[in-house]
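Please go over the structures that come below.
After this come two complexes, each holding subunit A, first together with subunit B and then together with subunit C.
Let's look at the complex of A and B:
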């Protein structure tokens, strides 16, 4: 499975939503993700993709849409 | 405590007036300012000639003016009701109807005007606080008078206001600053939760009573992790008070440890179950710190049990105990018939003594169910299932009803289900918790049978439902996930079978 699909699966598991056609949805503005949801997102990215996102450098304005998260994951690889 | 709590706090303005009482978002406020502002506001409230003993709503976030208003209300003989800035209009209106306050102090703009009661808005408040007055403390809230009222989730969409008296509060504060918690004399305490959540009282009054400093995290800070960690690194805190969920966020950061926070000596947790996983991870990062698990419903003034989580406790228990009951409080475990269980088996925890609230404000029906007397002491049925060891050690095993804790917030599932079912796009709904391997709730999931709608996708439907829910309930009550179904399982009495849904969700 490619990274993009894995990210979409993680997000679907956390929010119940399929973002395949809504990659630019703002996850925080629409209250789809709260801070505990964000924590789970970071843990899942680490577990399933080996992507380390240091929480102290986590600026949520850079991670607020599925597209941005996918770009971060691809850049980290 | 023989001197009045408020007098003790006021006296610091004389003995160490320049000491910082409140550090918030880069601003610092001293004990001199705390006394001057709260005196001026108390004098203003006195001049309004409000009926004494009647509560005042205090609305806002975490700013210094919130605690100024709390102290001013108490000085002028009024209980206060803290209402968080993130509360929707509906909730504020319901609290107003139930508690019948005589005034509202809005440190931030209200989402709706409250009819028939005077309001002091933020601008007026600023002016009032600058007045120089010579205030004499003659009629503060004292004894069994209600000191604060905190509203929690009800079971039918209507919140319940827990009345905590001056005596309840003092019993709690005396215990926290006593020998058991080994707190440093110069208290530099973290203030994390909103003031509408009673965990905030665990930092607020012990710190002010000791003349220490509250280091306050705003919601804006905690929401964005990069801002949060920048802020935390600059705070000279020596006592940490938070929900376990909040420290879980901090533990994600590898530098959250003794080497980077050498002053941190104590951790106090309350508000939800402290899991073994969290405590063990924290003990590894801070091997020399004292980590305490505490437990208590809002109805018994923040917390009534404690246990230090040492390496021995971690070795002995897979699920951590909630501890031993504090002095002036007592615990009994009862079976379904109300008989005492003495052989260590599971039953409902009943607590009685100095910390127990007089009841929910203007709610005789719920009071009759939850509160009663044991001898001449006020008693409360917690709804928590526990065991008690011969030495008094209490262990928690879950709830009798459908109340859950999510990130420290207390939520009645029936309450949330009722509110979601009323949403216009929803025909029928049930809201259930998803548990993780540590027995804690990781999210709320709503199973919804949608009404006829015009949305093209479920994402749009979900966004519309969540938007409407935000107007009716606190943010933390809104289900993270909505799953659409054609029908919901019913139990024999024709109601949605919530137990069946909980089992199904958690067996996947």
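Let's look at the complex of A and C:
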């Protein structure tokens, strides 16, 4: 499974929505992701993809859409 | 020479206007006069911390030297490539950073009516900036310790006394560059509007609620002995005063920052329109609540989830909400009403989350329309105003320390 699909699966687990066709949805503006979900996302990225992202790294303007998160994950690898 | 609380009276604004006009001309022509900015910063700091307040000035300088050494040492430990990252050293650094603030907060508890000699106006807000810098240094996000820039960040005079709490990486990026002329003109327009909105808030509305209405209601409530509708009136008047006073101040701080080409973050976003308590904390004293969210709540949740301290996610969230808000209560001051205020908001967050989950689960049976939204706003507003009544300490005066009449 590629990274993109893994990220989408993690997001689906967290929010209950499939973002495959909605990669630019703003997760914070639509209140789909809150602080709790964010931390869970960071832990999942760590566990499932080995991407180390500390809480500080999490700038809401840079991680607010599935597309941006996927890009961050790919850049971290 | 007279001595001023920031934004306290009209003369302060005249000084401000005179001092920042040269800076603004520079910015319009693509230059930031950093030396000049430093000189006017010192001037305004002396206006506040000099003269009869010179003792607090000494405290401020000593505090600054102390934190500079602390952050400098921690950066030297943490910033080199492949450096160790021991948890206990990080914790020690954070504890040392908050020790002065803790002493200042605890002093009135042991010597009633007296303030600690190491305190000064705005110590809390500088402490927030120091602590977040240490945390981001640990996370490897701040890669370089630059004493002068760090000093500029801590002492940025428009926000020195009560925030808004900026972030080092954001501030430093603004300070390093000059905005494009188009963007800067837009900032001037916004800045001027914020300052004038601030005048309306602080000198008209807060004056009306706080100086005219509140004392009358307070007096009548005290005379009534026990419960009276005056307490309810006082609750609303106090809430309005608190909002317009603090939002007014914050608008000044943000407005002046904008004129100086620094985009200090906003502190309030129409908080009384909040639909629930979580929404409220995303709109009220935002830089403080986001600070607590990013540097306490999320880190606490991260720690608890990583070490599987609680079985369920819900429990983790709830425990962390209460701890987070309780710490905020302690930060406000060591009195029963501040701590109760913190706990109250912690539990309000828990109830809010529980309700939202319940609502989501039973979506089909629970109505959601314009009317229910209006009710939600009304309910949130009253829950919040009641928390401010606790916060005001008036209940303490009323029931536990009655004034003789």
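Everything below uses one rule, namely that the second predicted complex is superposed on the first by the 77 of 77 C-alpha atoms of A that agree within 3 Å, B and C clash if a C-alpha of one lies under 4 Å from a C-alpha of the other, contacts with A are read in each partner's own complex, and residues count from 1 in each chain.
Criterion: a contact is a pair of C-beta atoms (placed from the backbone, for glycine too) under 8 Å apart; a residue touches a chain by one contact, two chains touch by 3 or more.
Computed from a predicted structure; not experimentally measured.
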Next item on the list: Examine A:54 and indicate which partner it touches, taking first as subunit B and second as subunit C; both and neither are also allowed.
Entry: both
Check: Between subunit B (first) and subunit C (second), which, if any, makes contact with A:17: first, second, both or neither?
Finding: first
Check: Which partner, once the models are overlaid, touches more of subunit A's residues, subunit C or subunit B?
Finding: B
Margin query: One more residue to check, A:35. First (subunit B), second (subunit C), both or neither?
Written below: both
Item checked: Which of subunit B and subunit C A:25 touches, first, second, both or neither -> first
Checklist line | Common interface positions of subunit A, toward subunit B and toward subunit C | finding: 34-36, 38-40, 42-43, 54-58
Checklist line | Complex interface listing, subunit A residues touching subunit C | finding: 34-36, 38-40, 42-43, 54-58
Check: In the complex of these two chains, what residues of subunit A are touching subunit B?
Finding: 14-19, 21-22, 25, 30-32, 34-40, 42-43, 54-61
Next item on the list: Under the touch definition given earlier, write down the residues of subunit C that touch subunit A in their complex.
Entry: 135-136, 139-141, 278, 293-294, 297-299, 301-302, 305-306, 313, 316-317
Checklist line | Complex interface listing, subunit B residues touching subunit A | finding: 222-226, 229-230, 245, 248-249, 252-255, 407, 442-443, 445, 457-459, 462-463, 466, 470, 475-476, 478, 480-483
